[in-house]
Every structure is written in C-alpha cells, then in structure tokens.
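Every chain is named by a letter (A, B, C and D) in the order it is written, and numbering of its residues begins at 1.
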Amino acid sequence: MVRVALIGQGYVATIFAWGLSKIKAGKLEPSGVPLGNLDLGIGISDLEIVGSIDVDEEKVGKSLYEVAKMYGLEPEPELRDIYVSPGLALRSTPSFLKVKSLDSGRSLGDAYAKFEEWLDDVKPDVVIDVTSTVYSEPVLSWEEAEEKALKGILPHSQVYAYLLLRRGNLAHVNLQPAYVAGSPGFIKRAEQSRSLVLGDDGATGATPLTIDLAEHLKERNRKILSIAQFNIGGNTDFLALMDPDRNDAKEKTKSSFLKDILGYDPPHYIRPTGYLEPLGDKKFVSMHMQWISFGGFMDELVVNMRINDSPALAGYIVDLARLGFLALKKGLYGTLPEVNRFYMKRPGPMGARHVSKIRAYYDLVAFAEELKKK
Amino acid sequence: MVRVALIGQGYVATIFAWGLSKIKAGKLEPSGVPLGNLDLGIGISDLEIVGSIDVDEEKVGKSLYEVAKMYGLEPEPELRDIYVSPGLALRSTPSFLKVKSLDSGRSLGDAYAKFEEWLDDVKPDVVIDVTSTVYSEPVLSWEEAEEKALKGILPHSQVYAYLLLRRGNLAHVNLQPAYVAGSPGFIKRAEQSRSLVLGDDGATGATPLTIDLAEHLKERNRKILSIAQFNIGGNTDFLALMDPDRNDAKEKTKSSFLKDILGYDPPHYIRPTGYLEPLGDKKFVSMHMQWISFGGFMDELVVNMRINDSPALAGYIVDLARLGFLALKKGLYGTLPEVNRFYMKRPGPMGARHVSKIRAYYDLVAFAEELKKK
Amino acid sequence: MVRVALIGQGYVATIFAWGLSKIKAGKLEPSGVPLGNLDLGIGISDLEIVGSIDVDEEKVGKSLYEVAKMYGLEPEPELRDIYVSPGLALRSTPSFLKVKSLDSGRSLGDAYAKFEEWLDDVKPDVVIDVTSTVYSEPVLSWEEAEEKALKGILPHSQVYAYLLLRRGNLAHVNLQPAYVAGSPGFIKRAEQSRSLVLGDDGATGATPLTIDLAEHLKERNRKILSIAQFNIGGNTDFLALMDPDRNDAKEKTKSSFLKDILGYDPPHYIRPTGYLEPLGDKKFVSMHMQWISFGGFMDELVVNMRINDSPALAGYIVDLARLGFLALKKGLYGTLPEVNRFYMKRPGPMGARHVSKIRAYYDLVAFAEELKKK
Amino acid sequence: MVRVALIGQGYVATIFAWGLSKIKAGKLEPSGVPLGNLDLGIGISDLEIVGSIDVDEEKVGKSLYEVAKMYGLEPEPELRDIYVSPGLALRSTPSFLKVKSLDSGRSLGDAYAKFEEWLDDVKPDVVIDVTSTVYSEPVLSWEEAEEKALKGILPHSQVYAYLLLRRGNLAHVNLQPAYVAGSPGFIKRAEQSRSLVLGDDGATGATPLTIDLAEHLKERNRKILSIAQFNIGGNTDFLALMDPDRNDAKEKTKSSFLKDILGYDPPHYIRPTGYLEPLGDKKFVSMHMQWISFGGFMDELVVNMRINDSPALAGYIVDLARLGFLALKKGLYGTLPEVNRFYMKRPGPMGARHVSKIRAYYDLVAFAEELKKK
C-alpha cells in the first residue's frame, strides 16, 4: 500500500481521487495514465488516499465524497472516509477564495506545528501539491527556506515543501508552477532527509504537444519562424491566472523549452491567455506555427484543441505516486530527472536541459524498468 | 561525387534540382534536409545530377534550366547542361499527359533496350523515382517482374526498378507509392546485384505528423476514438489522384501505420481528398482526432496545415541520395529498414513494422553514424 | 391544432418529435428554431404529431417513445401514442436497411392504395419528408410523375410527393435532396390541389455558413480564389452518402449557390466526404477559403466545426410546419420561395436565384409578418 | 477631383497611397474596395492625395515614394511628389517612435498654428486619420475639446479632429479607436462648420466577421454560450497595443456589439492579444464559439485566419474618401450613421445601435444610391 496525501483538493485532486476509486472498483480503464499498462511492481490499486488539505472554506471539513459531488462527479463510497483538513493559506492563496486555514488566528509557528501534527497523523509516503498556481522564486539553500518560511514570505507551495522535507522519508510531488524541484535548497535537503522532490508543473496539454511538434520539425531541419499559443479556460486555475503575477509564473514555465529542443529560440508568444467561464475545465487551445521548408518555402500549421485540463494531470498522478514510492523504496533520494523530464513543464533540478517529451518517454520507460529490477 | 539520376522531372524533382544548385551556390540553407546539419562524410555539394527522365512532351528534350522556369523558379546556370530524356510511358502514365516516350512506336523490348542505353550513358550511382503516382501490387519474385515487364503489364515504376536492378551496382530510391522496396522480388534481386532499393512513398506531410501525434497520445495512454484526415491540393500529383485507382494506392499507404504504433486500429478516414487548382503545390490538410483522457473524458484536436508539398520531399532526396550512395560503398545491399522507416510512408521490406517517426529519427541518426565509421 | 405527419422516422424526425414534446412540456427552450421567438399566430404547442412512416424493420410497429429510446433520448409520455407505420421502400431505400414496407409482397398499385388508406386515417395538414437521401431528377410534369410512379422508377421521396399531392389540401415539406419543390410537375399540381410543396434539402450546417461567408466577402469586394469544404459524420445519413449516387445528389445541391451570390463561380470542392462512425451525429466540418484583398494581398480563412447534424434540421421543422399550415390557411398554394430561400439548400421552384441566407432571413421575417396579417 | 490628406503615414496609409496609384495606372483591380464596382458618381481615379502627416523621424521629409519603398512596395512615380510633413506628437504618440514633430521645441499654440498653415496649403476635402492607436475618452462639448487641446491633455487624434473642425468645410474620417465620431462635441461642431466626421475605428478583420457570425446564429435562434477571440500580429499597430492603455482602447471598441446584435451579452473574451514580429502585417486570428442548438445540443465552431491587416483598411479608405466628399457636396453635415455602421467598429454617433455588418451593407448601398440621386 502507498499512502498518498493531497494538498489542494481542487479539480485535479478531486478527479484523481474519484478516478482512482473508479479504477479500483473496476469501473474505469486507466486511460490517461501514461504507464497504466506497464507492470511497475506496484499496482494502481495499491494507491490509498490517506489525507487531503485545502483552505477553501467550502471544502475544509467535507469528505472527498462531498467534494466530488460539488464537481458534478458520481463518487464511490470509499471517498466518504477521507476528510479535507485545513492547510496554510499564507499570503499566496488567491484572493477570490474564502479561506479557512491553520494560519488564520494563529501565529505562523503554531500553524506550522498544527500542519506537522496532521502529518504525524496521516503518515504519507507520497504527497501531491496541486494547490492554486503561485508565483515564486527558486530557493537556493535550506537556510533561505527556513528563514523565509518563518518570516511568512515564502509562498504556500514552498512552505509545504519545507515542512514536508523537514519531516523527511517521503516523496513530494509538486505539480504546480512554484519552484520546488527547481529549488536547489529543497533538492539538497531531500537527499539528506531520505526524501524525493519531483516537479515542477505538470506538462499535460499544449506545452508537451508544442515540444513534440518542435522536435518533429527539428528532425526535418525545418526552421521555425514563430510560434503563437493561446490557452483559455473556465476553471479556477485559469481564474487564478488572471492575476498577472501568477500568469508570469506560467509564462516562465512554458517557454523555457524551445531553445533546448531546437538549438535556437524562435520568436514566440506562449501564454495562458484568458478566463472564460462557460468553457469550464475543457480549455480551448489555439496554436500557430510557421517554418521554412526546403528551398525557402514557408509552411504553416494551426492546432486547435478542446482538452479536459484537470483529468490530464490527474492521470499523471497515478504514475507519479507509484514512481515516487518505488524510487524511495529502492533508496533513491533527491530528485528523479528521468521522471521529471517526461511529466513536468519545468523539470527539476534547476537548469536541467529539456528533451522532447517523446524522447523523455522512452528514457522514462527504461528508468522504470531499471527501477523495478533493482 | 555522387551521380544522381532523376526519373519523373515533375515538381519534386525540379525543386530538388533547383534547390540543390542553390545550396551548392551558397544561396540557400539546407532547411528541410533532415540530416542537413549532420556530417555524413559526403557533403551536399558532392551530389551531381547526371540525368533526367520524363514522358511529358512539354519536358522531354528541355534542359532542367528550362523546366525550372516552367515552374516559376529562378534557376542556377548549372541546370543548363542536364537534359530530360524520354522514358517509358507504358499504360500507367496519367491520361492527362501528352506523352513522348521510348515506347511509343517501338516494341517493348526495343524501348527497354533504349532505356538501358541511356543508363550506360548516364552511369548513375543513385536513381530517384518521383514519377506520377501509380497503382501496383507487390512483385513477389524476380521471375514475376521479368515476365510481367515483358508482357507490358507492370506499371512504369516497377519497370524502372526492374531495368535498374537488372543492371545493378546502384541505389534506387522509390518515392512514389508503387511497391518497389515493398516487393520481395526486387529486394532479393538487389542483394544479388550489389544494389539497394529504398522506399516506398515519401512520408513528408500529414502522415508523419499523424504518426507522431498518435505516438504522443499513446505515450499518455489516451485512447484514440477516431481520426479524420483530409488532403487537398492543386498540383499534378493531386490531379493524378483523382483517378480512383491511384487514390487507392495512396490510401493503402497511408493508414497502415496506426495499428503498429498504437496496438489497436482506431476508426479512421485518411485520404487525399481532392484537387483544387488554385491551392497549387501548397496543399491544405485538415485533421481531426478525438480520444479518451483520464476518467473517461473526451478530448479533441484539430490540425490545419498549409504545406508546400513538393519541397518537403525534395529535401529528403538530398539525404536519401547520400545515404544510398554511402551504404553501397560500405557494402550494404538489399534495402535499409533504418532509412526507410524514417523517410517513407510504407517502409520496405514488406511487412516491416512501423515505429513512430520520432523514434525512427534517432535510429536513423545512429545508423548514419555507424555507417560513417564503417 | 396543426396535424403533422413524419415520413422517415430517423434521427431528424426523432429529435424533432422528442424536442417538440419537451418544449410543450416546458422543459426545453426553443433554441435552434429560427422563428422561435416570433409570434406567428400559431404557437409551437399547436403542433401535434399524428402519424409516422418508415421502412426500417427495427422501427416499423414501434411507438415514437420506443424509437426515441433507441436514439438514447429520454422521451415524454405523449410519444407513446404515435406508432410508426410501414411506408414505400421501392428501389431507392439504402441497401444497408432491413426493410419492412407496404410494397414488399404487394403490387405497386396495392401498396400505393395502402399508403392512401394511412393518409385517410391520419389526415395530416403538414407532411415532412426526412427519409434517407435519394438520387433523383426533376419531374417536369404531373403526367411524368404519374407514369414513372406506376412503373416503379420514381424514387421514394417523389412517390410520396406524388401520392400526397394527388390527395391535396396539405403542405408537403421535403427536407431531403430529392427534387420535389424543384420539380415543376409537383409545383403545378400543388397549385391545382390547394396544396403547398416546400423544399428541397434543409440548409442547416456548413452550406448556409459558406453562403453567408461568401456574402460577407462579396460585400467587401474580396475576390474568392478557392473554397474547399469537407464534411464527415457518423450517422446513417452519412452512411447513406457513401453510395456515390446519393453523394452526387448532395454535391449538386451544395455548390449551386456560389455563382448566384458572388456573380462568378470560384473554384471549389464542396462535398460530404466520409463516414466515420465514432463521430456520430456530431459531424466534423472543415472549410478553407482564400481571397484577394486590397492591393492583391492574399488572405486565408479556415473554419472547423463540430455540429449536431440532426437537431439543426429538427429545429427548422418547428417553423416549417407552422409556416406551411399558416400559408395554406391563408390560401397560398404552389410553393413559397420566401420560405424555401432561407431554410433550403436548393430552394424551389427550379431555377430560383440564391440570395445569401442572411438576406433571406429578413425577407422571411417580413413574409411571416405579412402572412399573419392576411 | 477629391483632395485627400493622410494623417499617420503608416502601413495602412501607405498601402492606400500605393494601391490607389496602381489602380489609377490600371495595374490593379479594386479588390477589397467594398463599393468598388458601384457607380458612385465619383470614380476611384478622382481621388488625389495632396498631403501627408507623420511624426516618425524616419518618415518626415520623405516622399510617399520613399516611404512605400520602406514597406517593400514597388511604387508608382506619382508618389514622388507628395511629401510627409511633421504633425503633432503630443503625449499620446507611442514611445517606441523617434519623434520629429511640430510640437517639439515649440509652444502648443505655435505648433497648432503651424498645423493650420499646413492645412491652408494642402486644402483637403477629406482627411483620413490612420495614426497609431490611442486611448481617449469621448469629448462631450466643443468647449471641452478646446480647453483640453490648449492644455495639451487631449490625445493627438482628438487634437487633429479639433483643428480640422475649427477650420471646417471638410470630411474627417477617423479610422483609429479614438473617440472622434463617438464624441458629441465633435459631431455638433461638424454640423456647424459644414463638415462631416466619420468613425471610429475601421472594422476590417475579425470583428465584422464575428458580428456576422453572431447574426447568422441569432437568425437560427441558437443561443451563444461563449466567444473567445485572439488576435496576434507583427506590425507596429500590434506593437503599439502592447501598451495596456491602448489595448483597452481596442477592447472597448471590440466587444460593444454583441448585445446589440443578439439581445443578450454572451460571455466573451475578445482582444488583440499579442505582438509577434515574424507574423508581420498578416495577423493570425483564432476564434472559438459554442452555442445551444435545438434540443439543447451544444455545437462548436473555430475560425482561424491569416489576414493582411493593413490592406483591408486601405481598401475601405477608397470608399470613405468618396462617400465623405459626395455627402459634403450634397449638403450633409455632422456624421453619416449609414456609412459608419458598415465601415466602423464603434460607429458614431455615440450610443448608436449596432446592426450586423451584412445588414448595414444593404443600408449603405441604398444610402449611396440615394446620395448619388440627390
């Protein structure tokens, strides 16, 4: 059994919990789980959700069963027994949320202690951060993390990482854009505390596709002239991105890969663009690319997608929880570049070179098979 | 120096000849040449066009300089010295062409002998077949080829292959949909006559993209529900495909890959759809895919492209001529699956399994580097 | 009350029956009913389905309630009382249907008499033909209709028109591509038998949009260079169109409008292209247009749509039944060009000039208001 | 002869000047001129450019011939005789321009007087404002205009309007988003000074198409759920829009029409989104719409366009100059709603109701024919 705790019981975490329960009940195929058909030694049904954290007062205190209902999902009974506990709102939680958190009406120190109590209780093997997007800077040393956490100037995702790694003996998977696996301070600490940090920012939709299209063109030596990519959606993740700081967080994440893949940085405009409520979680993506073919002729490509944003990431969690647990068991600490490179938009550690996702996949499969054998 | 002969002096062959001369003159970058930046041991400027064959009376007897002008291209002077010689029209040449050929007013035997004279003259190391699309069946043995060729019931591309392999000591690259590298009879003969046959049907536009998109989805375990793909263009290649038989030739080629990549055959409609003159050589492609994501949610993707059809294939020829020559020199005979798998829609030999193009690329690069070292 | 009979209880007719019952029950808004918010003097709830005809053995004898269930719809109880009666299969019914019809095991004359018995029974004010697409030629005179009907060489939609007009005193709305309102013979007879024939071929999806886009460009004097339009779907209507004859029937219908709108006929390829089962009734449309702007610059537009094919036409029927009934009551016989021009792809009478749909709409509204006042 | 002066010798004005000269020389068809084939009584060749104003130091002092060359256009000799004079930069000119203007090193009063000298010289019948986009507020009275102009707090387009109307006896066409025809103060003054103001903001690309698509859906009573529209380009107009204030100016303009056409305001995101240099003047537009069809089914449409931005507006100027001149001659003063409604994104006067462009067109044609007869 793998004990999984979720931080940020939003759309992604809820689809994950719901879908996992359906797969375990034999009612759903593991579609959208990249390694769903590979024998990792740990089955999907070994995953057990043991705790959940949020700060939205509409969710705190509710069971995952009730939260799933809020999202219009038909849950399995097993979700009745897991309750959402209050987390740390700090200053980084989006202002459109009504907050109920450990740090309201408590000193920071007390709030952190409360969170550690929850951890003692829940004893997770793997923790997943899918809280709202937050703007952050890389944390260069453990001391910096410590100091800023205590001053209350570290955004929530980095505070969670700090508290989790202080405890140690777990795999922490950060799927939002905050610098966690991209923070040298956290990676070093993970090595010391027999832990793993994986991240940052799940690569599920337009980004990995753009990467693989760029690879496809590069393999034919077609020179890319420009890339424009728009994303618009109606879920609260897009709503959060209307805050320019958070949007910059994504922007940074999204365009760092082109130079690594292509060897040059083509002019590009790649950005989550807007919030449009009726689109819901099924975002609309539009992408335009133009390039030079043999003889100097100019070609053009447009991709339009409607993709369910949150299920895509939820499917990855099924793998990441298993891979994180397995690697820990086999004594791997710090981070796992082979894993990050496939699943993440800004794979840790800091400064790691991007490869195309389609290449990263085969490296991942080899890594997973190696791991199993260990 | 690599002596290259072209059969079918149409759009592809002319863009190739023109573009090669521009690259040699330092006026053009090798964009669209997949291995254009890799040191193969043979430079692009080692390629020399030494002969050209066609049956269109508007082209036969003209220099490549004049033919390039017909296509609105500004040619380099070196194209003045290469003339289009008449080929073999047989029954398979499209009926919209006014034909001037070796087999009009001559017995088949005499016509074939004339073609062999031309070969003696031209002494090609590499021959490229980019004649109009033709419908064919695989040729199972050399005897079958011989018999049918003499009866005049073999389509022109297979007759060219037959005559070339009878001579031997050359690399023959078939870029049109006829079964050449897909014919066991030809491959066996190539092994015996110190030759190579590469093919069939260049994979330049929507097909390799579809393959790599399918791979991209497979790697995430997303179940494809359907694929629709339309192609429409205004060049004579599309015009030729208005003939239902020729269209079937393409259809066969195009959809054989899905099962190999995905492990199942999703419902699909993939086909060159129509001829629309004002689109010219810049075809319009529209593709729709839908699949199941995690949790059973359905995603959708639409790709629309405007791509210059002929330059894309012309760029490949720059590689194929070099690879074919190099492999021969190193004593490889028969066919080269590692090469075919990347450049071709229906890679020979018959029954070879498709891999995604993005994987085939890395195998190709490894193969090319191996070859160089040999 | 308006007594409506349906011929061809397929997707369109069933969505219509189901949706009408939902609107009457106050459970659905009249979205997709063009004049749904206009007071015509006859309410939507005045429409009453009194009979239904089909030849599919899976439907004949079933209630509309059961048929709606077959299409995955949740029907209202009122559909329990209407049963599907057998119609006339003749030679024109698609071969993929297992047929149960009046003309199997009966002479044609007897079969026609049986159909007339049904008519006596049902006493429709308005009849709607939404049977499978059929290939036909215009019927120039009533005598021709009579003669061919008796010989059994008239396709089913024209036979239905013939039998209905022989009876007279009703409005017949032909929504499939057969020449009915486009047959001078039927229109003349309608004038004599105090009847109306409206048609042909409902204009619901890509065609009216193409028309209005063409109008939009014409109004800016932008010269259209080419139009490509693909349609692919997974309903039985698309399946029927796989038969080349039926496909031609649509092709004829679809491209006749460009010259009328633009004053010239731009090169175009407009066609239902294929059948792809998983798309179901929600077809995929892709359209490419390019034109010359000021100064000779070339612009391009691509439209991609996913549209529910059958609901679009079902919504029109709500109007057409009311308009047909109203016009009859006010003493209008023959056909109604003002109505046909908006709702139909090939508006009767034969040779009528197309106007853009957006213009036809305002003529229609004026006509409807005039009619009401009469 | 119609004496036309251009303010803002950018892409639009230069394409206009170049294209007009080509049409007059018989080398170009009047494609993209909406009323290009209508006999207005004034021919296209009656238009004569007599003056030009800009503040870009790269343009001031150059002939239109030289400016056209800067844009890569092959000009006609007649453009050699028209020179770009310096205008008024004020505070509203984009900061990326190196400015050479009447108001640098001069008091405002003196600068305005210099501009009036230019006017005395040039004696325009029609003036066209195609300067860079500027943010503004409506000017409610002439006194307000006067006061703010003298204080230097009126943006340049409103200052030009103020100076032109102070002079009177001319038609002023404002094609940029500033409130000119949308300013009651200017319209009233135009009535008094025997002048016309037409505007604001030319409706050339995605906006009028969106309007007509909305009309198309409304006519079928399809309920629009959401509209997303992105625009990205690489010309200096897009560059100017990177300034958030100017972007807001466009945003205001662009989305005001939906409620007027549809009767309700569907959730929408419509905005010029970004600047991407390699796209040049050929912008990329992507638009997504979804709506409810009959029975509650949801349909979707995506439009992707590559359109030459500036030629589209240049073609309109050919009409607007003629219509403005003609109307003045016939004694019409103030503004011309029938003209504005078709050509403009935010048609003056303030508060005028939008109609679909396709309707506005027929009103425009009727108005033009009426005018001619007067």
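Basically, a residue touches a chain if its C-beta (ideal position, glycine included) is under 8 Å from a C-beta of that chain, and two chains touch if they have at least 3 such contacts.
Heads up on the chains, UniProt names are A, B, C, D = Inositol-1-phosphate synthase.
This is a predicted model, so every value here is computed, not measured.
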Find the chain most remote from chain C (Inositol-1-phosphate synthase), comparing centres computed as mean CA coordinates.
-> A
Whole-Å distance, C-alpha centre of chain A (Inositol-1-phosphate synthase) to that of chain B (Inositol-1-phosphate synthase), is 44
Computed distance of Cα centres, chain C (Inositol-1-phosphate synthase) from chain B (Inositol-1-phosphate synthase), in Å = 46
Cα centroid separation between chain B (Inositol-1-phosphate synthase) and chain D (Inositol-1-phosphate synthase), in whole Å?
-> 51
When you check chain D (Inositol-1-phosphate synthase) against every other chain, which residues touch at least two of them?
-> 300, 302, 304, 306
According to the definition of touch, which chains form touching pairs?
-> A-B, A-D, B-C, C-D
In the complex formed with chain A (Inositol-1-phosphate synthase), which residues of chain D (Inositol-1-phosphate synthase) make contact?
-> 225-226, 228, 230, 232, 234, 267-269, 271, 273-279, 284, 286, 288, 290, 300, 302, 304, 306
As the complex stands, chain D (Inositol-1-phosphate synthase) meets chain C (Inositol-1-phosphate synthase) at residues 15, 18-19, 22, 28-37, 208-209, 212, 215-216, 219-223, 282, 292-308, 311-312, 314-315, 318, 356-359, 361-362
